[in-house]
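To keep things simple, chains are lettered A, B, C and D as they appear, and every chain counts its residues starting from 1.
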Amino acid sequence: MSSLCRNSCLAALAVAALLGGCDRQERYSRGKPLGETVPVSGSPDTIFPGKSTPPPLDPRAAAYEGNAYAIAQGQQLFNWMNCSGCHSNGGGGMGPALMDGQWRYGGRIDQIAASISEGRPNGMPAWRSKLTADQIWQLAAYVRTLSGQERKDAVSARADTMSNTPPETQTVRQPIKQADSAQQ
Amino acid sequence: MTLPPTFTEDVAELPTHGFSYRSLTWWGVIGFMVIEGTAFVLTVAAYFFLMSHEESWAPRPWLPPNAIAGTLFTLVILASEFPNTVIKKAANAYDVATVRRLLPLMVAVGVVLLVIRGFEFNSLNVLWYDNAYGSIIWTLLLLHTTHIATDWVDTVVLWALMRTPHGEEPRRLVDTDENSLYWRFVWLAWLPIYLLIYWVPRFFR
Amino acid sequence: MSSGFQTALGGEALESSNFLTLFIVFLIVSAVMYLLIVAALMLGLWRGRSSDEPLTVEAGRHHATNPMFRPALIGWTALVLVGLVALTIGSFFTDRSNASVARNPQLTLKIVAHQWWWDVQYTTHEASNAVRTANEIHLPVGVPAEITLESDNVIHSLWIPNLAGKQDLIPGRVTDIQLLPRKVGTYRGQCAEFCGVQHAHMALDVTVQSKADFERWVAAQQRVAFAPTTPLQIAGYRYVTTHECSSCHSIAGTTANGQVAPDLTHFASRRSIAAGTMPMSTGNLYGWVADPQSQKPGNHMPTMGLSPTELHAVVAYLEVLK
Amino acid sequence: MTAAEKAKAPPIDVPRDGPDLTGDKLAAALEATWMRPPGLIGWLSSVDHKDIGRRYIITALTFLALAGALAVAMRMQLSKPDNDLIGAARYDEIFTMHGTTMMFLFAVPVMQGMQIYLTPLMVGTRNMAFPRLTAFSYYMYLAGGCLLWVSFILNMGPDVGWFAYPPLSGPQYGVGKGPDVWAQMITFTEVAGLAVAVTLVATILKQRAPGMTLARMPLFVWTTLVVSLMVIFALPSVALASGMLLSDRLVGTQFFNPAERGDALLWQHLFWFFGHPEVYIIFLPATGFLSEIIPTFCRRSIFGYPIIVMSVVATAILAFGLWVHHMFATGLPRIGYSFYTAASMSVSIPTGLQLFCWIATIWQGRPRFEVPFLYVIAFIFTFVIGGLSGVIIAAVPLDLQLHDTYFIVAHLHYVLIGGAVFPLLGAITYWYPKFTGRMLSDALGKIAFWLIFLGFQLAFFPMHLSGLLGMPRRVYTYPAGMGLELPNMLSSIGSLVVSAAVLLFVLNMLLSLKAGRIAPPNPWAAPSLEWATTSPPPPYNFPHIPVVESRTPLWDSPETLPVVHGLRVEHRELLLTSVLAAGPETREPSAEPSPWPFISAAAVTVMFISSMFSPWAVLIGAVPATIALIAWFWPKSALPHPEPVIS
């Protein structure tokens, strides 16, 4: 019976260490059931450049933020949809860099999802009918990892591609700043 | 019932310690040296496996590591074998005074080596996530650093122990002898690693 | 599907028939050895039966060893050695025979494995009229073919048991496999290396056909996709080329040019849907397009939530793509 | 007197065993010295090899039951085509857990548990060489097992196969923490396995009873020695590989990323350099069981002792050269095929020789058909099929078809269950009276035997056929109409029979603990030293250290046990002997019970688990671990040994 005691003691230890993680990699395949009532993503007025109080976070965010499966799917989509063509692995090129904390249209996951979904001036295409809402949110979750916004235990250190950025698990979280939209 | 005993030899006269292969812990030390040696050999095998994929090594445009810190480290660790041998011999001759006098020197050598090692990491000219070459170079250096660090802790503990009355037990001299043996393993393992980190990437570039 | 649809015992190509021969040889040798060992054991047990003799050591002396054991041991060792040498030689000649296909392939293909489907390109033809398909290969009977194998994701393994053994597809490496099909027929191949959640549904259809049939098939595959004709098909065409589908799939002759999912140009001419997950039929196609995630959970095609009208239209158009 | 002379001065006057101190008085004195302290703390402090061995065995059998339950779950899913009882993702986790648990948490630990329990008894010593390290190893093993299973229960278990091939297990495709849990579990079990191996080697080489030369060691001890050396050379390979995997996943090293000149095959080489010897690390101890059980039940000493020893050594050496036969389909140069074939087949030569020796012993003998011996017969019937199917898949042209199919599943279970689990069950039945002091029920034992033997054949023989019919491994379902329905249904029924039989076996173990017939010291009239002491043995194993003059000491000296005397009684003391001839050499103290191995294991556990989340945890976590280890090694009393000192 003392064996039982010790077993449970160690089990409790392991539980303590792991419990925090169990919702972090929930795998789903049917798409999130949320969002039928809300439009696919916010309209451009989700940008609120430094004025008044921001609207509350889209309730769907919780399902994607910090979810390892969503981030991994987003990583793959980032590659498949050739986002690097303009954003160059997050480093920036024709499109803005995604590795810094500068967000012209907001750095919250719902704001990023809105940017992907609706497109933005100066070349960012609208992906609304090209990807499902689920995929757009997955992409948004991944984009946030590039500037260290997502929790480190949900992101992957690297993809199996050429490495030209430090591992995402080591990326220092960049404080979100409102970039000047007149910049470019 | 168990069988009744028939008494043969009396072993009360036997000594309570022995050096080298007569000691039980010596076999333990050898066992762990073999384990760690195997790990080094396999890491080196992985090094050559990855090297075989590259046309040049270090792969262009990466520069080979800067060898100054590594060479200094090698000289210091080779020099440390002199006090190490003196300690080992003293332990075998039950000369506690010499052991007590020289162990702090080995502790100091460990500190110096760890500091130089810090500079070595800084002179590799590649980061572990840059490419497979960087990964294996860092692994070799890190693997060896853990040996320096663990042996340093071991030596500190031994030094503290030898300063207590426990130091007068012959078995503690056996421990000292085995600590010196392990140090030999640490620097012997370093020599091929030194070549692989600093010189092979120069020759094959 | 008849029984024996996917079997290593079919012998429908050079390598698989070599396998069959060698396997039977090994099986006979193994059976003989097995019977020999079991017989020796049973005989040994029988000899000592029903004896209550309690002694293990007699008068402080161990029992003498049976004088026959020494020659028996030598004989047994010799038998094992000879057996192994014979089997190695058999294996060597099988290798040689298999390798003979590799020398001058007359048809070359490239297969790139994805999670969880096969991208197939016939590289013999020049780029302008290249054939690209997915999850199916066609081979002319009696023509040595070489397949170049690549993967850009995880490790897969191509296995068409009726034709040949397996060959892994490893990211960062290019491997190849040679086939010399000898019998016309349709076979099934499957991924044999665990590659993720839908490893079980990563099959491909192999059609071995006469040279003339093969040429006809190639010609058909080289055409661009048929155009839609009915209003429903046209609506489907519009949806497919402007919405989610075209982000990943391509259809030659249309604007759909996604590169991350199977080419759909001649989709409806294939035998199965979703890498062998289900046979091609209108009903299955409805099920698949409406909710791929319930048919093949975890695969990379999302459930798009099409309205019934859109679904009818998309399926109607896909069925045009013969 | 010089320091050196003083150090070698004659011993002081303390109580010692001998003609003046023997029998009950000696037993009481030794009991007081060697007994572990009472209570939970005492339980956690125990360094008795019998306690630790028993814990290993019970824990490993628990993992066997868990992994067996998963096997039944898989068989239920596969009992019919296109079944949707278990989803794809869950099925992947289940087969990963089954393989990982069976290999790392059952097979190797249960063999090491048997070795820890039996080796000191068989070589006639009081405890293991480094008893605290042995205790530490158990807690590490337990922590690794708990880590894996708790993660599984929390739905974040690994799902990448027990072999965890990158890139599937790598940072991009191995989503979540599952592969990290797998890799870190490897670290735990490797630390445990290596610690035990070193301890066993030292015990065997230095603590054998006087007169037990290498050529007189029981064959089980020989296999233990050889297998422990194999562990020492094989396990660093998987530890290195899993370390690389973890660092790829955590800090972005590029070992397995082809885009940065890493290579996915590097993993396979390192993994199988360990993985192939692993099979023999499991199988060779089982041959050791057989070499003990067969002479006892045939009432004849083993035929061909030197041949068996050489075969075991040869198998161990060959095992390190064969890893490539797990990689035939990766595109090896064709020119080498026949070489690989011949090399892979050659391992059947030493195994064939061992088989000959066992059957020859049976020929000489007068077999008693007790349950342990029945398992020997079942072993030969079953293992030989696995061995011969091994010869079949050694041939490259055959393996390319059969690799990664159910034919391999059949082969590996014939080898591992037929070759290792059947002997293990026989060995548990054989040594159960020594472990517990009670005999297992014969009737229940025989029913369980026949169920497990026949159920096994029903479960696994049809898998040869499903493999040939084209069923790959690790598929969660298969289509109808491919001829796979019948063999799969038979396998599923067989799996139920096997699990019922295993339950019956465990039930027998539990019932006999209270109700079994009381066992005398040597219930089977066996020849080796562990049967010279009481059942179960006292904490100090033997009142006096026995002297050995032959390979079968209890048969050659049935009336009395020759012993040496003069070991201290009021202090834990061992007799060390020379490596080859086992002549008495020194007396050395043996470690007292201590809670520090447990505390150290807990500290290292925290360090390992948190290092899955941050590399810095290694540095920070090393501090408490180091403190605990120092406390472990630091001598507790002022001057514990009233033996000579140097001044």
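Everything that follows uses one rule, which is that contacts are C-beta pairs under 8 Å (C-beta built on N, C-alpha and C of every residue); 3 or more make two chains touch, one makes a residue touch a chain.
From a predicted model like this one, the values you see are computed outputs, not experimental measurements.
The chain with its Cα centroid farthest from the Cα centroid of chain D is A. Here A-C and A-D are compared, and the pair linked by more C-beta contacts is A-D.
With centres defined as mean CA coordinates, chain D is found 37 Å away from chain C.
Between the CA-based centres of chain A and chain D the separation comes to 46 Å, rounded to the whole angstrom. Separation between the centroids of chain B and chain C, computed from CA atoms only, is 51 Å. In chain D, 89, 167, 173, 251-252, 254, 257-260, 262-263, 558 are the positions where the chain touches two or more neighbouring chains simultaneously.
Across the assembly, chain C contributes residues 153, 171, 297-298 that each touch 2 or more other chains. Residues of chain A in contact with two or more other chains: 27, 29, 76, 157-158, 160, 163, 166-167, 170.
Every pair of chains that touch is listed here: A-B, A-C, A-D, B-D, C-D. By the touch rule above, chain D contacts chain B in their complex via residues 2-4, 7-8, 10-11, 16, 18-19, 22, 129-130, 133, 194, 197-199, 201-202, 205-207, 210, 232-233, 235-237, 239-240, 244, 247, 251-255, 257, 260-263, 266, 269-270, 273, 520-521, 532-534, 543-545, 547, 554, 557-567, 574-576, 578-579, 584-589, 626, 630, 633-635, 638-639, 641, 643-647. On the chain A side of its complex with chain B, the touching residues are 157-158, 163, 166-167, 170. Interface residues of chain D facing chain C in the complex, by the touch rule stated above, are 87-89, 92, 159-161, 165, 167-168, 173, 258-259, 262-265, 298-301, 303-304, 307, 329-331, 334, 337-338, 341-342, 345-346, 348-349, 352-353, 355-356, 359-360, 362-367, 377, 380-381, 384-385, 388-389, 391-392, 395-405, 467-470, 472-479, 481-483, 525, 527, 552, 555-556, 558.
On chain A, the positions that touch chain C within their shared complex are 27, 29-31, 76, 80-81, 129-132, 134-135, 160. Chain B makes touch with chain A in their complex at residues 127, 129-131.
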